Structure formats: structure tokens, C-alpha cells
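Two complexes are shown next, each including subunit A; its partner changes from subunit B in the first to subunit C in the second.
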Partner chain A sequence: MKLSCLQENLSKGLSIAGRAVATRTTLPITNNILLATEKSRLKLAATNLEIAISCWMGAKVTEQGAITIPARLLTDFVNSLPNDKIEMTLSPKTKTLELKCARFEGRINGVDADEFPPIPSIGEGVMTKIDPEALRLAIAQVVFAAATEETRPVLTGVYSEFDGNTLTLAAADGFRLAVHKAPLAEPVAERTEVIIPARALTELQRLITDQEEPVELTINPNRSQVLFRLKDVELVSQLIQGTFPNYNQLIPQSYTTRAEVSLAEFTKAARTAAIFAREGSAIVRLQITPGEELTPGKIVLSARTEEIGDNIGEIDATVEGEETKIAFNSKFLSDVLGVLHEERVTLEMTSSSSPGVIRPVGVENYTHVVMPMFVQW
Partner chain B sequence: MWQVMGHETLVALLDNSLKGGNLSHAYLLVGPPHVGKMTLALNLAQALNCQGDQKPCGTCTSCQRIAGLRHADIQVIGLDGRAEIGIDQIREMERSATLKPFEGGNRVFIIDGAEHLSTEAANCLLKTLEEPPPNVQLMLLAVNERLLLPTVRSRCQKLELRPLPTPVVERALIEHWEVAPEQAMVLARLSSGCLGWAVGALHDDRITGERAARLSALLHLTGVGRAERFDYAAQIASQFSKNRGAIREVLSLWIGWWRDLLLIKGGCGDFITNIDQEATLYNEAEYYHLTGIKGFIKSMQQAVEALGQNANPRLVLEVLMLNIPQREGG
Partner chain C sequence: MPIKVLAPEVVSKIAAGEVVERPASVVKELIENSIDAAATQVSIEARGGGLNLIRVIDNGTGIPPTETTLAFHRYATSKVSNLADLDAISSLGFRGEALPAIAAVAQVELLTRTSEELAGAYLNLKNGVAVETGKRACPQGTSVTVRHLFQNIPARLKFLKSPATESSRVSNLVSQYSLAFPEVRFSLFLDGRMALQTAGNGALRDVLVKVYGLETAEAMIPVGEVNSQVWGFVSPPSLTRSSRGHLSFFVNRRWVQSRLLSRATEDAYEGLLMTGKHPIAVLNISLPAQDIDVNVHPAKLEVKFRNEQALFTAVQRAVRAALVKEMTVPQVMRPPSVVDVPTFISQKEHLSRQEELFEGFAPRPSPGPLPILRVFGQLSATYIIAEGPDGLYLIDQHAAHERILFERVRAQQASRAVEVQGMLEPLTIEVTPRQEEMLRAGGEVLESYGFAMEPFGTRTYMLRTVPALLHEGNIAQAVIEILDSLGEEGESGKREERIALSLACHSAVRAGQVLSPEEMHQLVRELEQAESPHTCPHGRPTIIRFTSSQLEREFGRSL
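What follows is the complex of A and B.
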């Protein structure tokens, strides 16, 4: 293998593929990054056996070849080099990769590329395309609700349903549920449902921040992997086996009280309450009062921690239905308000012991259900 | 072609289950160290992921990578120098068990030394063990199954690997490891039916060197006075805190030696273990009474037991030294 490329490009490529390098692993070679030439490009690939990221960069290849190199070492070294042309030469006998850049050079011992686990490639299966902006929003509004504890593995993933022109993403951790419907740029041939690990979607979200072309998405025929193809980058994720709970029954179908508030005011009041709710069980209490003839409706947010103190905040609201109260975990409330972008949101509820539903006003594609906390009023 | 030597019934059982598609979701392989538990487990992993026709073929890339422990879907969970297998290792395993196999075949998790699972780890494992996700095969390897939680034991199908007959080990050494027949015979006898030990000894001169040194120390001790015996006891007792296994090895070697003497005395010289020392053994046997040999074997067994119960190692060994039978007659 012999090639030259720019330090800037290599450093960027390593930071992209490096996201998939294993940290704790039973297979030591997954700490390495695969460098392989493909015609006039250099491919960098890494996998932690859950996700695999490959990226391609322009290079002047004079001799084809492939090798795996410890990722940390290579990244640290390349990042320390000046922004100049890097000459890479692999000596096939000793498996040593030599890098030369300006007045610096280094030699790193590698491991044969044949020992690297095969990076899955998906040629056929269920295929579709999606606008990167829509995908980014969908991931952002859902992924935080996925469980981080691994007691129920399916909940650490995001349920993804492809049906016609719609992609539905849903995540739940037992206390909250987020459902987002996003339009697909190309309809799928058959209705498909899979569970994608939340970690994979978080990485994908990071990768598509500067992507403009539609993201190509393929699920392989035996439903074990999903491929996201971006410009010069591919992310393959293993899918989680199991059945996702039927979340539709968790979304309340009716309400007795509905409050519409300004998102900015609600967020601010929730944040203030969170200061006092930081310790202990992090409870924020909401008292919802409908308006009368002369006074507008309001929501009073309060938080109290015995040793610290308490606060009360009040915001205007358009309230339909009865006066009621409910308590939420302050983190869950701030989390959902933080991912919304609309002007106004609604909070729907039936009683202080049944879940509250938060939806943005003006769009129909997002529903967030939060379980209330049981408190002494 | 299965690569396991001996254990024909187990191999046949697994082979039939594999062909009939009714493998148990979890197997507990029980047997003494080096008897072939890991070999059998890896072999089954190969069979489950083999790309050839004669599963496991041992020659396809998948089989070769499994043999080299480089396959993405085969995970061996072991002690790795720690005191026990912790809950974090099991959680990590359960996490990857929920993902579909990376290379498209079957995921195989091999828990090496399942008796070292911490109680929390074992309890954490129960759910996966009872109902593993599809395409997941669990293999628990244990020397002493009684140390496992009954809840773990009852969730696995138990396969017991018994020590191989000496001729099988001998033949395997000659045919597959190209060992000279004389050396093969000695190693086979010493291995007590554990082929893995014999192969390990083959590649590690230290094992044979240590054995020779220990045997000559033993022979020397039988002929000297108390002071020198006590020095030896103090010397090996001082290693006890660092290396518990070493004393046990010395004692098991001694027991083997005295057992050989007992066999010769009883006229069953054909079955002795230390076949390379046959002449010395016959010579030594002349000096002892049957009762003396039998008594000493018993006190060595008591010493092993006492050490297992955390008795003071020096005291235990000193008592043992006093019990070495008197040389008589000749």
C-alpha cells in the first residue's frame, strides 16, 4: 500500500470512523481502524460489533493495499502533524505503516487486514431515502427517551416503522414515550419494522449535521442490519432482536384538561423550577387553572426541596376543561421541551395519576407521553 | 469433522442435535481442567457458523477465525486475571446477545469457569440463560458444578466430560502432535486423561522440569532427618500466599507417586502413572510396608483438605513431613 493524502482530510476521516472504534471489547482488533485503498480513494473503517462506520476520502494511490492500525495511536499522531501532504507506505512484511508529513515521520505496527471482522455490506433489501433535516429532527425528538439501563434490551433501541411514505420512530424507557412521524423521500416497497440501537442513531445524528443530499437507508433481507448511506460515509448498525411493546395503547385517547402555552415561557418556568427540584426526587408540580371571565387561565409550576427551599412560577395558558394538578420529574419535562421548536405547545391530561401528553401546536407529527409522579399535595 | 478427541458420545449427541435442529439453548460442560471443555465449545461454535458442507469443516474462514478467537460473534468470557466474573461482564454479554449476529450466523457465548461467576453476575445471567434471544447459544464451562447456583444449573443441559482413557491420549499425541511414542506414553499417563494438559506440557518444558525437580526433592526427603524436612516445608509454605496452586500441584504429584508404590506393592505395576520412573519405583517399594504407604496417602489427602479450609500451610506441611513413613528393610 502506498498513497498520499492531505492531513486535514485524514484527520477528519479518522474522527468520523473513529466514533465506531470499540472501547471495551472482547475482540482486541476492534480497537484498530482499517485502512484500505479502493481505486483512487482511501477507505477508513471501524466497528465495535454494534455499529460500523466506513468513510472514503480522496487520495493519490500508487499501490493498492490494506492494513489495520491501532485507532487511538494513529489519530493522536495524525492530529499532531502539520496541515500538509501525508505520504503513507506499508511494508507488507513487517506490517508497519510509515507516515511522512513535512519534516515529521512515524512508523506504526499494524495487524493484517484479514483479521478484521468483515464490515457488513448490504446490497439488497428494503430501501428508501429520507431528507437529512427531517431525519435529524426525528432522531433528536425521540432518541433521548430510550432507556439507558439494559434491564429491558428492546427499550434501549428506537422502534422504527417504515410504512409507505412515512417513517415512525418511537422510544420509551418505562416513564416516558416519544413518537415522531417523518416523511420518507421515497416510499418503501413493504411495511417494515425494526429496532435500531439508540447509540447508532445518536452517532447518525452527529454524522448528518453537514449533509445535504438525502440519506439512503437499506434494511437487509433477514432484518439483522440497517445501512445508512451518506455522502462518503456509511453507517451500518446491528438491529436489536425482540418485540417492541405496543406503544399505541400507552397514548391516552382523550383528555379532561388541555392547556396551551407558549413554549418559551413554559421552558423558562420549567428550568427555574428545576433549580429547586435538583436534589431528591426532582419533582415539579403543575397546577392548571382555567380562565374565568376577566382572568386568563394559568399554569403554576412549583418545586420544593426540604433543605433548600422552594419556588413558584406562573405562566399564562389557554385552558380547556377542569382545574387540575399533576407532578412530573423535572428532567423529563425539560428534556421534551428542549427538543421542540414550535411557538406553542399543549399539555393534555385526565388526572394527577394518569400520564400527561405534550404535543407541539401546528404540527401533527410528534407526541410525547410522560408518566406523572405521585406526590402529597 | 469434529476436532474433539474422544468424548464420542457427547460429540455424537451434539452432532445429532445440530442436524436435527434441536440444540439446547444452553449447555453446561463439566469436567476436570484441560479435559477438552473449551475445545468442544469452540468446536460447536464452529459447527454453528461453518460455511462448509461437513460442519464443522475446520477449514473455512469462519472456522479458522473461531479457532483463532477472532470471530466477531464468538465471545469467551473468563476471569482475565480477576477473582471472579463480574456483573459488568455479564451485562456487556447480554447487551451484545440482544443484537442480531454480526456476521449473520449464530452468536456463541462461552463462559469459561462458570463457577467463578459472582452471585450477582450469576443472577443477572438467569434471564438470558432461561430464554436466550434467537441465534444465541450459551456454553458454560465448569470444573466443579456444585459451586454453581442451582438456578443456573437447572437452566442448562449438562454434558459431563470424563477423563479420556490413557491409550486415547497416547494415540492422539502420536497422531496429531507427532510426539515420540516413549514421550507420548509418559505424558498420557501423567495427564490423568486430560489431553489439554499433555499438549500444554509438550510445549512447556517448565512443566516437565518442575516435575522432575519435585520428584527428586520427594525422594531426597524420605531419606533425611526432620530438620531438613521442616526446611523444605517452610520453603514451599512461604509460596502459599502467592501461589496456592503450586502446593496443590506438589501434593497431587506426591499422592500420585505413593499411589504408584501402593500399586506395585499390590502387584498391579502395569497401571502406574510415573512410568518413566518405573525402576526407581520398584526399588523404593521394597523399603515400605503396605500400611505405611496407605497411611501416608491418607495424611496427604487430609493435608489437601486442610489447605482448602485455610489451615496454616506451614503447620499442615510440617505435620505431613512427620508422617512420612519410615524406610525399613530393603
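What follows is the complex of A and C.
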């Protein structure tokens, strides 16, 4: 293998593929990154056996070849090089990769590319396309609600339903549920439901931040892997096997109190309360009072920790229905408020012991259900 | 007082004390009789923890009418006839003490019919004396009803636990016998509620499903070939309990409690389990009758083995072999994941290395409040390094967090202000019959800590709320552990402490978890405010100090 490329491009490619490099592993070769020439391009690939990321970059290839190199070492070395042309030469006998850039050079011992776990390629299956902006928003609004505790593996994933022109993403961790519906750029041939690991979607979200072309998505015929194809980047993820709980029945169908507030004000008040709540058990108490003839309705947010202190904040609200009280884990509350972008949001409640529903006003595609905490008032 | 021979009724009550210690012992003796009578169905009913009523009905051979009264004589038995038989006992009972002992301390009714008889024989005894005999219609088999147990022995009554505890012992006992005899169909009714029913189809795994629930039963690893010298099921190292109460051993199908066998089993798990964790095991052991002596104690729970070492090795090897075989099979349930927490073994090695390093010069800081500490960073994702006014401090993050949470839980519980997080989707939890009894007895205590459980089918419960601080832990595991710890002996005050302890332990950050500087800072600040910050609730130190002078000495700066 012999090629030359720009330090800037290589550094960027390594930072993309490097996201999939295993950190703690029993299979040492997954700490490596695969470098392989493909005609006039250089392919970089890494996998932690759950997800694999490959990316392609332009290079001047004079001799084809492939090798795997410890990812951390290569990345740190390349990042320290000046922004100039890098010459790479692999000596096939010693499996040593030599890099030369301006007045610097380095040699790194690699491991044969044949020993690298094969990156799955998905040629056929259920295929569709989605606008990257829509996908990014959908992931951002649900992925945080997935469980981190591994006792119920299905909950560590995001339920993804492809039906006609719509993608529905849903995540739940037993305490809260987030559901987002996004339009697909191309309809799917058949209704398909899979569970994608939340970690894979988080990586995907990162990868598509500066992508403008639609993301191409393929699920293999036996529903065990999904491929996301971006411009010059591919992400393959294992799918979580199992049955996702029927989330529709967790969304309350009615309410007795509905408060509409400004998102900015609500977020600020929740953040203030969180400062006091974090000293104790993270409880934010909400008192919702309907307006009267002369006074507007309001939500009073308060938090207190024994022997530390307390705070109270008030925001205006358009309240319909009865006066009510509800307490939330402040993290749950700020998590959901942090991913919304609309001007106003609504909070729907039935009682202080039944789930609260938060929705943005003006769009119909997002529902967040969160279970309250039972506290003494 | 002159020495004299005791009156017969005094003798019988003293003897009864050895065999019939509590309601569960009555159930045990009656079940053994049923099994010895070749019953294929045994139904057990207990009310009021067995003190009001115990009824055992079987479909065994029955007792001929001519022998019914004789059955209640001491040392009258059909199971052993001469001395040679005693050396090769194959039946469960043989001493001829059970029925008379039970009759001495309770009111007993016996109804039995053999296949030859047309009508059943009925016998009613009060204080060991037959008050009514006669013939009654009944199906083949024997039914023994024991009422008002220990009513005439206040001393014994005083030492019994609550009816719920006694019920839990009965259900544990019936669970054990159903594991020992998978071919017998057992039904257990406690206060009119069906607590356990096995299929009686001879498959041990099916009984496991009934006793431990489907999820646990499916995870269990088979040991040995069926009917080989040592065979049964053990739990994989990932499935553990916090007490030894889930080790069941059957020697020649007799349920025994043996330290030797417990040790042999746990030995096989060496290096696989965390300290304080114990496996689940159901092991059948076959030995030639002459190699064991069951005639050690009237209750026959203990046995003596002729060749202890060989038995130890056989059990240890069989279990180890099963575990090793299991470990080579890759996990198929979850896709391989590399961000898993490090395995226990490496952590343990790690810990012991740390300990060696600091051995000898790690005095605990003197009791009293902690000084103000400045956090530097984290050591091997387990300890927080901090500087204080006089030297260097190392804080065990798990132990410290445990202490903080323990005090918080206790304070919340004391002021009746436990913070509870509702569950959007209730979690279903399967429990064993014994755990279910503890849940019935201790449900209110659990609820006061924030666990609201609702029955949801046979021995399945829906968990609707959890304590707020547990919301990120492994909830199901915590509930099971708490239920198990409730079943252990101890005063009720201790019991509340144990719940708080389990809660704190399950919610605390683990060793090996990387903490952000803010998190470490917060943890240390909360530890500074704890009432007794120096030890975790289990008694291990949370913090160790190297004084400046110690450091100077070690570096040879001063002598």
C-alpha cells in the first residue's frame, strides 16, 4: 500500500471512523482502525462489534493494500502533524506503516487486515431515504428517554417503525416515553419495525450534523442489522432483538388540566429549581393555577432540600381545567424541555399521581409522557 | 427432689419437642409419610401459619384399619423392621416417632383407606388419646388433619414467629420437597390461597419454573446427567442471591442442610461471584445407603457422610464442569458489546492490588466530622483522590455513596417523607413462594420505602412505584434481594435497616464507574455532611488518609 493524502482529510476521517473504535474490549484488534485503498480512495473503518463506521476520503493511490493500525496512536500522531501532504507506505513484510509529512515521519506496527472483523455489507432489504435535518431532530427528541440500565435490553434501544411515508421513533425507560413522527423522503415497500440501539443513533446524530443529502437507510432481510449511508460515510448497527412494549397504551387519552406556557420561561424556571433540587432527590414541584377574570393563570415551580434551602419561581400560563399539583424528577423535566424548539409547549395532567404529557404547540409530531414523583406537599 | 421415672405424657411431650419444633416440621413429617406411601399427589393446606390447621391429603397406599391406632404408638412404624434395615434406609421416615409426637401436641384426625377396603377408617385423637373411631367414606389414600397445634404447650407457642413467617417456612419446605420429587404433584394452599402447584410430570425444570419463576428457571444450567451421582441445576454466575437460602440439596432424595455441600457448591463458583453473593442450586446426590447416616437427629435434616472428602470433590467438580461448559457458549441474548462494565475478576484483582499497595500504612482518620476536602481526580474509576488540611485522602466512591444514600433513606423513612417515583410502565416481577410470603408479611414496610406492588397473576407482581433514588438501578434485582433479606432471621428493627441498606447498595455508584469532576465534588460534599462519614453501612471504611508526615517519611524527606 502506498498513497498520499492531506493531513486535514485524514484527521477528519479518523475522527469519524474513530467513534466506533472499541474502548474496552476482549478482542484487541477492535482497538485498531482499518485502512484500505479502494481505487482512488482511502477507506477507514472501525467496529466495536455493535456498530461499525466506515468512511472514504480522496487520496492519490499508487499501490493498493490494507492494514489495521492502533486507532489511538494513529489519530494522536496524525492530529499532531502539520496541515500538509501525508505520504503513507506500508511495508508488507514487517506490517509497518510509515507516515511522512513535511519534516516529520513516524512508523507504526500494524496487524494484518484479514484479522479485522468483517464489516457487514447490506445490499438488499427494506430501503428508504430521509432528510438529515428531520432525522437529526427525531433522534434528538427521543434518544435520551432510552434506558441505560441493561436489565431490559429492548429498552436500551429506540423502537423504529417505518410505515408508508412515516418514520416513528419511540424510546422509554420505564419512567418516561418519547415518541416522534418524522416524514420519510421515500416510502418503504412494507411496514417494518425494528429496535435500533440508542448508542448507534447517538453516533448517527453526530455524523449527520453537517450532511445535506438525504440519508439512505437499509434494513437487512432478517432484521438483524441496519445500514445508514451518508455522503462518504456508512454506519452499520446490530439491531436489538425482542418485543418493544406497546407504547401507545402508555399515552394518556384525556386530561383534566392543560397548561400552555412559553418554552423559554418554562425552561428557565425549571433550570432554576433544579439548582436546589440537585442537592436532594431532584424533585421539582409544579402548582398549576387557572387564571381568573383579572389575574392570568400560572405555574409555580419550587424545589427544596431539607437543611439546605428552597426556591420558588412563577411563570404565566394559559390554564384550562382544574387547579392541580404535580412533582417531577428535575432531570426528566429539563431533558425534555431541552430538546424542544417551538415557541410554546403544553403540559397535560390528570392527577398528581398519573403521567403528565408534554407537547410542543404548533406541531403534531412529538409526544413526551413522564411519570410524576409521589411526594408530600 | 428425688429421682423418679417421668410420667408417660411428660415423656411424650419432651420427645415431641425434638421432632415437632414448629408447624413446618409437622408438614415435613406428614409429607414424608405421604411419599413413603407411594403417593403421586400430595395436597397441603395450612391456616394461620399452620397453628390453626394443617391438612395433608395424599393418594398413597393408605393404612389398613387394623393398624390405624397402632400408627400413633411411639416407635411403631412399617418402614423398618430389624436392625439391618436401619443401615440401609430407603424410606424418608423410619423412627416411628412422627405421628405420636404430633398427636402429643395437637388434635389430630386421620382418615385413610387402602385399595382393599371399601370404607375408610377414621380416627380422632385429643392429647394423644383416641376419642373417636369409626368408618367413613373416603378416596384411597390418607388425610391427616392437625388442629390447634401447640395449644397445650404455651412455652413452645411463645417461641414461634409470626403466622406469616411460619407460613413462609411451610411454603419453603413444600418447595424443597417438590424439587426433590418432581414426579409427585404437590399443591399448597396457605389460608385458602393457592401458593404452589407443581405438574408432577417428573421434569425438574418444570418444578423450577413453578418455584423460581420462568425467567430464573430458563437461565439455570443443568449439572450432570439425570440420575447420575450428582445432578440437578445451578444458576449461571450472573444470576445470584444475597443469601445461601437458595441452595437445595437432596441426598438420596432426602432434603438435607449440609455445610459441606454448600461449601462444595460455592467453591465451584470461586472467582465468579462477588462477595456476599450466593448461587441458586438444586442438586440431587446419590450415595449407597451404607455410606450415609441419616439417624443423627430426629428431624433428619442433617446427615453424616462416610467419605466427606470424596463427596466434596464430586459435587465441586460436577458444578464446576457445568459452569465451565456454559461459559464457553457465547451469550446470544445480547449483541456483543464492548462498553460493558469490566468483569468482576479484573475488578477483584484490581482491588486486592490496591489493598496490598497501601497495606500497613493506611490508618483510618479519627472519628468526627470530615475536614473540607479538595478533589483532584479519580483512581482506577473506583477511588476519589482528595487533599485535606493534613495529607492525602482516598475515598471509595461506592462505599461513600452508599453511606450518603443510607442516611438519606433512613431520614426520609423516619419522617415519613419517602420520595417515590411512579413507573410509566409497571415492572412485572416473579417471586418464589417463600418470597411471596415475605411480601405478604412485609408488603407494608416495602411500601413505606416506596415500592408499591400489586398482585398480577400467580406469584407475579406489578411494581408501580419505586423509591426515587433507585430509578437508575437494577430495580427487579433490588426487590428480590430485599425480599430475601426480609426472610432472614432478625428483629424487625434490623429488618428496616436491611431494606435501607439494600436500597442504598443498589442505588449507589459502582466501582469502575467513571465520574465527572462535578459528580466527585458533589459526592465528597455530601459525604462531608453525613452523620457517620467514615464507614459505609456495612462497616467498611469509606475514606483513608495518608498524613503529610507519613508521605514525608515515605519519600525520605524526614526521618
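Everything below uses one rule, namely that the second predicted complex is superposed on the first by the 377 of 377 C-alpha atoms of A that agree within 3 Å, B and C clash if a C-alpha of one lies under 4 Å from a C-alpha of the other, contacts with A are read in each partner's own complex, and residues count from 1 in each chain.
Assume a residue touches a chain if its C-beta (ideal position, glycine included) is under 8 Å from a C-beta of that chain, and two chains touch if they have at least 3 such contacts.
Please read all numbers here as calculations on a predicted model, not as lab measurements.
Participant: Is this a clash or a fit when subunit B and subunit C both end up on subunit A?
Facilitator: clash
Participant: If you count the residues of subunit A that each partner touches, which comes out higher, subunit B or subunit C?
Facilitator: Counted on subunit A, the partner with more touching residues turns out to be C.
Participant: Examine A:I240 and indicate which partner it touches, taking first as subunit B and second as subunit C; both and neither are also allowed.
Facilitator: both
Participant: Does subunit B (first) or subunit C (second) touch A:I29, or do both, or does neither?
Facilitator: Only subunit B; A:I29 stays clear of subunit C.
Participant: Just subunit B (first), just subunit C (second), both, or neither: which does A:N165 touch?
Facilitator: So A:N165 meets neither subunit B nor subunit C here.
Participant: Going by the contact rule set out at the top, does A:P153 touch subunit B (first), subunit C (second), both, or neither?
Facilitator: A:P153 sits against subunit B and subunit C alike.
Participant: Considering only touches as defined above, state whether A:N83 meets subunit B (first), subunit C (second), both or neither.
Facilitator: Once the two structures are laid over each other on A, A:N83 reaches no partner at all.
Participant: Does subunit B (first) or subunit C (second) touch A:E115, or do both, or does neither?
Facilitator: It touches subunit B, and subunit C stays clear.
Participant: Applying the touch criterion given at the start, work out whether A:E50 contacts subunit B, subunit C, both or neither, answering first, second, both or neither.
Facilitator: In the superposition, A:E50 touches subunit B and subunit C alike.
Participant: Please work out whether A:N329 is in contact with subunit B alone, subunit C alone, both, or neither, and reply first, second, both or neither.
Facilitator: second
Participant: I'd like to check the shared interface: which positions of subunit A are touched by both subunit B and subunit C across the two complexes?
Facilitator: 24, 26-27, 49-50, 150, 153, 197, 238, 240
Participant: Over in the complex, which subunit B residues touch subunit A? Could you list them?
Facilitator: So the residues of subunit B touching subunit A come out as 65, 68, 70-72, 75-77, 91-92, 94-96, 98-104, 133-135.
Participant: So in the complex, which bits of subunit A are touching subunit C?
Facilitator: Going by the criterion above, the answer is residues 22-27, 30, 48-50, 148-151, 153, 172, 174-177, 197, 199, 238, 240, 245, 250, 278, 281-283, 306, 329, 353, 355, 369-376.
Participant: In the complex of these two chains, what residues of subunit C are touching subunit A?
Facilitator: Within the complex, subunit C contacts subunit A at residues 333-340, 342, 408, 411, 416-417, 419-425, 427, 465, 468-469, 471-477, 522.
Participant: Across the complex, what residues on subunit A touch subunit B?
Facilitator: Within the complex, subunit A contacts subunit B at residues 24, 26-27, 29, 47, 49-50, 115, 117-118, 120, 150, 153-154, 156, 197, 222-225, 238-242.
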